[in-house]
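Both complexes below contain subunit A, partnered by subunit B and then by subunit C.
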Partner chain A sequence: MSRARAWLTAALAALSLAAGTARAAEVRVLSARVVAPSELRLRFSAPLPRADAENFRLTHAQAPDIPIPVSRVRLADGNRVVLTFEQRLMPAEHYRLELADPPLAHDVRPAAWALLLSVMIAAAFINNFVFTRYLGLCIFFGVSKKRDTAIGMGIVFTLVMIFTAMVSWSLDTFVLRPLQLGFFQILVFIGVVASVVQFLDTMLRKTHPVLHRKWGIYLMLITTNCIILAVPLLNAQASNGPLDSLALAIGSGAGFALALFLMSCARERLEYARVPQPFQGLPIAFALAGLFALAFMGFSGLDFFR
Partner chain B sequence: MSGTPAPRPPFVVTPGPHLRTSESTAGIMWWVNAALLPTTAWGVWVFGPPALEVILGAVAGAVGAEALANRLMKQRLTVKNGSAVCTGLLLALTLPPLVPWWAALIGGVFAILFGKMIFGGLGYNLFNPAMIGRAFMMASFPVAMTIGWSIPRAWYSRLEAITTATPLGVMREHDLQAALHLIGGPEGWFRLLIGLRPGSIGEVSVVLILLGALVLLARGIIRLYAPLGVFFGLALMTSFSGAAWLHMLSGGVWLAAFFMATDYVTAPVTRPGQLVFGVLIGLLTGLIRMWGGYPEGICFAILIANAMVPALDLWFRPGRVQTAGAPS
Partner chain C sequence: MSTVIHPGPAPGARQLILNGIFAENPVFRLALSLCPAVAVTTTVLNGLLLGVAVLFVQVLSSVTVTLAKRLIHPRVRIPVYTVIIAVWVSAIDMSLAAFAPALYAQVGLYVKLIVAFAIIISRLEVFASRQPLVPTFFDGLGMGLGFLLALLMIGAFRELLGSGSFAGIPLVPGKPLLFFALPAGGFFSIALLMALFNWIERRNQGGRAGPAKSAGGHGV
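And then the complex of A and B:
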């Protein structure tokens, strides 16, 4: 009796051990990262049975029929594999890795938060709407004379920007595209901006009169701003998802607020400068904005996935 | 008694406080120019007559533009205070040696006219005029500004010049190994110190820049807050790249830290402000070098930090001027 029991436990233990090793032998991709210029660094959960170049097939997500030739496979400890390819890989893009043995498929792409952050930084610094695309100049020059008004404008502008971008995105995705009314985009987005601003104005006046007295004046100015219209249009053109649209809106709003703040500080200092008669007022402001643009050229080509 | 003039009163009666100093703007500017002389002379010796042409072109452009602007604005001639010479010289020292002299001249003219005189002259400009000139040249003559580098002492081998790339440019295009090969292996740090490497005219010799900076420090003309900030910021940014010492010793960091980040007009007034300003320059330089679109980012880093200076002056005010309520 006791012997039979011992056999049973031994058999059970062996079975579970076998199951355990079987589970350990099941290979999964733990992490995959593209390192410029042409490396793919992989980490597996178990040793690979085959590590020759024919075992791996990497394709770009947009060209699934064209495999990218592997030039070298290097094994490292900790079940790490480094693949080197014959052409450049872009760390920010989306690839698909397939293994022949064991049969596996894995999507290689950067983390979503990293992409969103890069969209935001690009909109705020690299493609700053004021200094690199020269949009939204009327508000930029009109409101940047004093720092207090510039800060107020920057905050209200960013909030309105986020609101309109989200409303425009949902209208575009759920109404215009399904009905194939893409050519109405500009008209619809202008309507969205105007009504959102009017709605905010009315609501603010009734619910927060103090806030409205302080910042209500900026709302009306924003109605006719071109950045507010450009962001929904850019989102629609690039078919951005909701998070990408939100990131672009936050980034461009913050970039405009930053430009406005820096410009207002500089212009307050210029009050004491002996600017020559012909350049006083707007001309020196334009020259100053040009010099700001020259400085912001330093951000061009910034790429955090390098 | 009618023919003799009234005697000059022996005392001048004015309200206090009374400050007396022998320092003047002109005195300080000429000291700065003198402190730049060693590295300028080294640049001419290393890169030959093309470098001298660039220096003369930039200085002539700057001085000519200042005189012209004085005339147009019906001001006293301010050329003699040495600030235009200083701007032209600093601009030339940050240029590649094989840039055409007329490009340097145009850069000098733009630097003075749009970097300084349009704001009313010395003391009112927001951006460092020399760096405005260089950024303008980067935008206008991108090819000449990217390929105009020469191998040290090439001119003396009876060749006009041998073009090459800077260590930072090589590191950006290839890797650290290639950059080390360019400066002659891991012992190349010695060449970086004395200045036998490809680079801008006045940025190559760390030792001679330090010599000039020591003179200015001894005279009390510059303070160490901003330069230390620059080095700290850049070290912080590049310490993870594995090539921190190459980043610290090459490029225009030393020239910029001691001669541009310490500019009275375009740097913050208070010491904490200057420190933050320097750290900002260092961080931005590392950012542009490692992830940006240019191999060397110090020029743009200074301009961006200059753009922040009015805000920094508001955040870091001298104690007695501080008013109630938090600055925004």
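And then the complex of A and C:
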């Protein structure tokens, strides 16, 4: 009996010893963070055996064949390593880090909030749907005559945009793609837009009749808007994840609301201006939108994380 | 909407086509479907591609609606029209992607967005659902041609001024006014061309219905 117990203890000790040494030898990447302009801060679970530049190979997720050259490796207290690169790294993009010794691979992903924010800002300012992608112009010129209307439309629009983007994303990811029904995309997305609008209309009429009387009319206009359809299409084209899709929806909704608000402020002033007769009505509104578009070109170099 | 509703007997084919090109030009007169008119007209070829796509979708969906109008219950007509348009847009989208992949890569998103064009559904509503097959076909053809010509005109204007070429063939050395090829230039080009249309109209028609009225009618 005591012999058997001795065997068991010895076996257990050997097992735990083996596991312990294995754990000590195994180096894992605990965290990897891109810090502007060109640093990658790494934290490992154990000290690295080799810390020269040749040990590290970083590639952009979209160009896995082109390594980004490392210019300097700095060891901060034992487990931390700071790599400096010869190129700029973007905190909002995906990279892949590979180590030669120990053989390791790690995906460097941006933090969720950084991704959300950068997509949102890009959609709202840099690629503003109205001023640089020219979408939703019919409604943009139709509703931007008065400031109150523009604000109401902007709010309703952003809400519908978020709803439709999420529903379309789920349908696209969980139904259309697995079943290889990509050619139904347009049909499904326009159906989603129409039913979300109808659903919100019914809900609003039953629960908040006052709000419905004030904003119901905009809901009906939204169905024929191209931005509301463009967001799911862009998401599907880029195979965006749920967070990216949500951020694009919020950003483009906010961008459209901003454009409407700015334009309505300018057009209220335009009422008192003396416009040459051939330019009256839409032509002068187009010229005004052109001026705003020029101003928005100033955002084109903006990158929050550089 | 300043679109005229056609309840009576339809006019002849020639008049219907001219109506679509001049009197009710979708872009310059009705101010409908402006998004693509600004977006894809940096060159003539892009404009041509989208114009042809719209022409086909308009004619095909007009004909489909007029053939099926007895089967469509009036209360569900708008969803049914949307589905019909979406089917034809998908078909055209896939054929363009197959036959003109290089051009399609530039304007692909806008081809898909034809489904939300106000001009197509408004023609179905005011014309195709009331008239027999032959006039509907010519009305669709006229509207499509009007749209195509408007896109070609804006495209030619912007390409000539912006890159000094026509349909990719360089005419002038250098780039005379690069501004017109930029996003903001698109808005200014439309403003100028629309004002030109208004001015011509006012000179031709004299006292009849001023330009401000038709130019102010926004489509949705």
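Simple rule for what comes next: the second predicted complex is superposed on the first by the 205 of 306 C-alpha atoms of A that agree within 3 Å, B and C clash if a C-alpha of one lies under 4 Å from a C-alpha of the other, contacts with A are read in each partner's own complex, and residues count from 1 in each chain.
Heads up, the rule we're going with is that a contact is a pair of C-beta atoms (placed from the backbone, for glycine too) under 8 Å apart; a residue touches a chain by one contact, two chains touch by 3 or more.
Computed from a predicted model, the values in this text were never measured in an experiment.
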{"item": "Which of subunit B and subunit C A:I190 touches, first, second, both or neither", "value": "second"}
{"item": "Which superposed partner A:L116 touches (first subunit B, second subunit C, both, neither)", "value": "neither"}
{"item": "Touching partner for A:I217 - first (subunit B), second (subunit C), both, neither", "value": "neither"}
{"item": "Contacts of A:L294 with subunit B and subunit C, given as first, second, both or neither", "value": "both"}
{"item": "Which of subunit B and subunit C A:G136 touches, first, second, both or neither", "value": "second"}
{"item": "Contacts of A:V167 with subunit B and subunit C, given as first, second, both or neither", "value": "neither"}
{"item": "Subunit A residues touched by each partner, larger count belonging to subunit B or subunit C", "value": "C"}
{"item": "First (subunit B), second (subunit C), both or neither touched by A:F279", "value": "both"}
{"item": "Partner chain(s) touched by A:I155 [first = subunit B, second = subunit C, both, neither]", "value": "neither"}
{"item": "First, second, both or neither for A:L270, with subunit B first and subunit C second", "value": "first"}
{"item": "Residues on subunit A lying within both footprints (that of subunit B and that of subunit C)", "value": "276, 279, 284, 287, 290-291, 294, 297"}
{"item": "Subunit B residues touching subunit A - in the complex, by the definition given at the top", "value": "72-73, 114-115, 117-121, 124, 126-127, 132, 135-136, 138-139, 284, 287-288, 290-294, 297, 299-301, 303-304, 306-308, 310-311, 313-314, 328"}
{"item": "For the subunit A and subunit C complex, residues of the former touching the latter", "value": "131-139, 141-142, 183-187, 190-191, 194, 221, 224-226, 228-230, 233-234, 237, 276-284, 286-287, 289-291, 293-294, 297"}
{"item": "Subunit C - residues contacting subunit A, complex", "value": "31-36, 38-39, 79, 82-83, 86-87, 89-90, 93-94, 109, 112-113, 115-118, 121, 182-188, 190-192, 194-196, 198-199, 202, 210-212, 215-216, 218-220"}
{"item": "List of subunit A residues in touch with subunit B within their complex", "value": "147-148, 151, 261-262, 265-266, 268-270, 272-276, 279, 284, 287-288, 290-292, 294-304, 306"}
